[in-house]
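What follows is a group of structures, each given as structure tokens.
In the two complexes below, chain A is the common chain; its partner is chain B in one and chain C in the other.
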Partner chain A sequence: MATLHTRSSARLMMAPAVIMLLVWMAVPLAMTLYFSFLRYNLLTPGLEEWVGFFNYKYFLTDPAFGDALVNTLLLVGGVLLITVIGGTMLALLLDQPFFGQGIVRLMVIAPFFVMPTVSALVWKNMFMHPVYGLFAYVWKLFGLEPVDWLASLPLFSITMMVAWQWLPFATLILLTALQSLDEEQKEAAEMDGAGFFSKFVYIVLPHLARAITVVILIETIFLLSVFAEILVTTSGGPGTQSTNITYLVYTQALLQFDVGGASAGGIIAVILANIVAFFLIRLIGKNLEA
Partner chain B sequence: MGSIRLENVSKSFGEATVIPSLDLDIEDGEFVVFVGPSGCGKSTLLRLIAGLEDVSGGRILIDGNEVTDTPPAKRRLAMVFQSYALYPHMSVRGNIAFPLKMAGEDKAVIDKKVGDAARVLNLTDYLDRKPRQLSGGQRQRVAIGRAIVREPTAFLFDEPLSNLDAALRVNMRLEISELHQQLATTMIYVTHDQVEAMTMADKIVVLNAGRIEQVGSPLELYRNPKNLFVAGFIGSPKMNFINGATAKGHDAATIGVRPEHIALSTSEGLWKGTVGVAEHLGSDTFLHISTEGVGNVTARVGGEFSVRHGDTVYLTPEDGKIHRFDADGKAL
Partner chain C sequence: MARAISPRRKAFFTLIGWTIGLAIFFPILWTFLTSFKTEGEAIASPPSLLFFDWTTENYSEVQSRSDYFKHAMNSVVISFGSTILGLLIAIPSAWAMAFSPTKRTKDILMWMLSTKMLPPVGVLVPIYLIFRDWNLLDTRLGLTIVMTLINLPIIVWMLYTYFKEIPGDILEAARMDGASLAKEIVYVLAPMAVPGIASTMLLNIILAWNEAFWTLNLSAAKAAPLTAFIASYSSPEGLFWAKLSAASTLAIAPILVLGWFSQRQLVRGLTFGAVK
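Let's turn to the complex of A and B:
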């Protein structure tokens, strides 16, 4: 469409923005990479020296690393499971005509607007507190011993909080996808003798496949780096029971002042994220093709 | 096995009454066309028969069994939708097999029936394609295939040809008519196109504002329209309606003359007029003529008739082909 001249001038015009973005991205990455090969502890300034892969070895052989890796995958997987299944069901429900539809839809979206730290504190103190939490009250109502959620089921508790936050996102995307389903297709399926369940499996679910893929991909990006919820509730504990990779990098850098080790952890986290992305795309990427 | 009977069926959406009470009998094996302008309730009527809408009053009987409250799947009817409503993620085979699969048929039976349907509809080479890889006509045939494998007591077509181009429409019209000859199953066909109605129907039901204006065979409607609406709707180009003194001369409030029942001459005739637009089709010539004292008249001449804009022509309506209507629009 454009002539050669306009194309080259367009390139020139875009260059500052592109270079800026590149620098913004590349410089921190390069510096992280560089730091990861140094012995660099904030407690011993001036003693930086090249240590090769020592930091990587140190981070990978840390017993906390294995736990953190498993916790990260469990957290991502658990939240995805809850939000996709729950989101689909909520979307089906909200797609039905009922009185006060607009306000209910607005309310359903609300959790997404609550900051992670705030929502985590609300969950911690108002729901999961073993003495005056709502859950403790309900448990006592049935004559049961209240559960100390954050102490006895830390990872599950955090999964719940994060899932609560992301459920509206999934619901919203799946609801719009549901609304784009052709009415005549549903009627045709009805005439063909499909009941509610068959209609869902054969017509609705395939139609939602692409939206579900988008939900999974976007959520995975954000869920790999869950941090605030852990920091304000369990601080990764007890032990390492609720430490994920992001939190482990944080403890390395800011609690042990080991910048080198934290950088190595950061690079490992990037590599892990890419591995996850690779498998995700292999698994569900074909849904995105038109 | 395939007669449908509507008794006092009515439908309203909230305050708005779309179909005031109507009765209709459809015989087994008939090809019935519901025709009318858009918004006349013809699609709604079809959906009532299909069970996709609940009736507000009255009864629907299929083969003498009341089905008013029966869900669509249990009525043993098959429907072809305007948008075809194919399942986009299933292959042609999957689409055609779907109703059988839902009915819990055997795999072998399904394969055989799908194969048979594909052969009848020339779809054998396309069975493994997805709907989006098909042309409009092929999609239409898949939709029909999905309907015939169910071996329904009646087929319902909801403006199935309106998304096709003109040439394809003529083809599909023929194919559907041939299918009806082969299967001899009751078919109900909704369209706003009177040409489709005239060419395909055994029986036409002309609807207007939810009311049945007239029911009859195509030629019956053509020859003896009951009122102005049917007279104007059936036939192309439209019947000419003439009011005033000329109509009085025939003892009517309005008289109607079809364009093909007007003799044209350049030298002599009953009405004198000036040619406005002349449409030369080769096989026919349509003339839009403004006539003195009679108004604008459309006339058809077979073959070629060389007149141009501004020429003077004389028109004579054929004897015995003049339709007379009273002040309420009823035929006299």
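Let's turn to the complex of A and C:
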């Protein structure tokens, strides 16, 4: 019953949000694309010139790019593995009735609300410090040589920190999905003599499949852009051992002032993210019709 | 029908649940405890869990040495400001999409979502240069604008999923009963829309409070919110863990409490309604 009148006022109501987002997305992205074809360094203003695909060639053949790409994939993959498996197990646990369940649930989701810089500095200093950190203390307790986590295992350490922050997200979403599972279906399976594992594999897991997909896709979007944790702990080092694509573009832009190179890197990051986004959008779009 | 649960089974899960819960929560608890220690005790070996001389001097020190309050205010202004601004822009838009949808509504929603998936480094350079040229670097105004824009898609989406649940027929009924537009809004729509708007607001404040890419890149001493302020502790001189802990506790405590209240909305907001 939308009349012509209401339809045009609806359009008017939508306009501010649409226009602002359009400007926010299109203008800077177009500028990045344009810059990526220029030789453009903030230290040598006035010397900008068109260089075609030079920046892309430079960025893609830079050994640091290969390292950063591998690190990005390892970081995203590692965190996904830990949070999806850990999150599923935690969700199953929190779905069981026990004393103080509500409090345990609050404790489990708490890390998600800790800002990335706090989380990174707390882990770096109070836990992973090679001399005074709690891990060093525990290692010595067992007669082991303390590990200098961020120097010898930088990417692994950062993966752990980030996984700690994202585990609550996976848990919370999987728990929500789990609680919508029909109780009677489980009971029927139990009466048919299904054990824990067959119940899990044939009933719970298929029910969770959708939620797990959502967790994987959304986490991937955010994890491709992990930045603060790297900045305040290792600054991408030693060497490029913990540099991801986001951090590499940042160093290129704001530390080396190479606008052209950084822009080419930015465009490459956008393309990578788009591959993931393509699947996510389709998944959520399907849900919208239902 | 609740199933009977054997006490042994319940005791077993209570033990496992609390052990794992405490393990995950431990870094936060440890930060909280360390904030009340002296710097010497903070690095003592063996570490003391509860039996140390509790002191609150770290909290006053953090304020007097680095003007904590100014940065906290920056966080408040930026996160609340961007949330309110975002709601003002998003409410009409989500309202229109929920109540007078057209063929293109779905496409617009999807497109808005896709802007959220643009990695920030893709636009870091131009935004930085624009901010530099317009003197927006290290200003609360600049950060509030950026924060509004990056969270706008989430706000529109969340509001849309809430508004869609309001039955359109009820408006019709109110109109038949002779309610004026003002009455319709105050007595019929607002009571049904307010819970959704409140949840959206809560989640968005949390997200803006913790955002750390743009705040780190676009702010320095003046407008730095707590995310950037805490980052300055990454290269300090001397003993500083107790002070780091005090600053961290102050930075995360308010948002942790807000977060605990908004668990349910969090799932809905962060999955764009795909999991409820």
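Quick note on the criterion: the second predicted complex is superposed on the first by the 267 of 290 C-alpha atoms of A that agree within 3 Å, B and C clash if a C-alpha of one lies under 4 Å from a C-alpha of the other, contacts with A are read in each partner's own complex, and residues count from 1 in each chain.
The working rule: a residue touches a chain if its C-beta (ideal position, glycine included) is under 8 Å from a C-beta of that chain, and two chains touch if they have at least 3 such contacts.
On a predicted model such as this, the values are computed, not experimentally measured, just so you know.
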item: Chain A: partner with more touched residues, chain B or chain C; value: C
item: Which of chain B and chain C A:A170 touches, first, second, both or neither; value: neither
item: Partner chain(s) touched by A:E187 [first = chain B, second = chain C, both, neither]; value: both
item: Partner chain(s) touched by A:P206 [first = chain B, second = chain C, both, neither]; value: first
item: Partner chain in contact with A:L38 - chain B first, chain C second, else both or neither; value: neither
item: Contacts of A:V27 with chain B and chain C, given as first, second, both or neither; value: second
item: Touched partner set for A:S198, first chain B, second chain C, both or neither; value: first
item: Touched partner set for A:T117, first chain B, second chain C, both or neither; value: second
item: Which of chain B and chain C A:L150 touches, first, second, both or neither; value: neither
item: Intersection of the chain A residues that touch chain B with those that touch chain C; value: 187
item: Parts of chain B lying in touch with chain A, wherever the complex brings them together; value: 50-52, 71-73, 77-79, 81-83, 85-90, 98-99, 102-103, 146, 150
item: Chain A - residues contacting chain C, complex; value: 2, 6-7, 9-11, 13-18, 20-21, 24-25, 27-29, 31-32, 35, 90, 93-94, 96-101, 103-119, 121-127, 132, 134, 137, 164, 167-169, 172-173, 176-177, 180, 187, 210-211, 214, 218, 221, 224-225, 227-228, 231-233, 245-246, 249-250, 253-254, 259, 262-263, 265-267, 269-270, 272-274, 276-277, 280-281, 283-285, 287-289
item: Residue numbers on chain A that touch chain B, as the complex places them; value: 182, 184-185, 187-194, 198, 202-203, 206-207, 209
item: Touching residues (chain side chain C, partner chain A) in the complex; value: 3, 5, 10, 13-14, 16-18, 20-22, 24-25, 27-28, 30-31, 34, 42-43, 45-47, 89-90, 92-93, 95-97, 99-100, 102, 106, 108-110, 112-130, 149, 152-153, 156, 206, 209-210, 212-213, 216-217, 226-228, 230-231, 233-234, 241, 244-245, 248, 251-252, 255-256, 258-260, 263-264, 266-267, 270-276
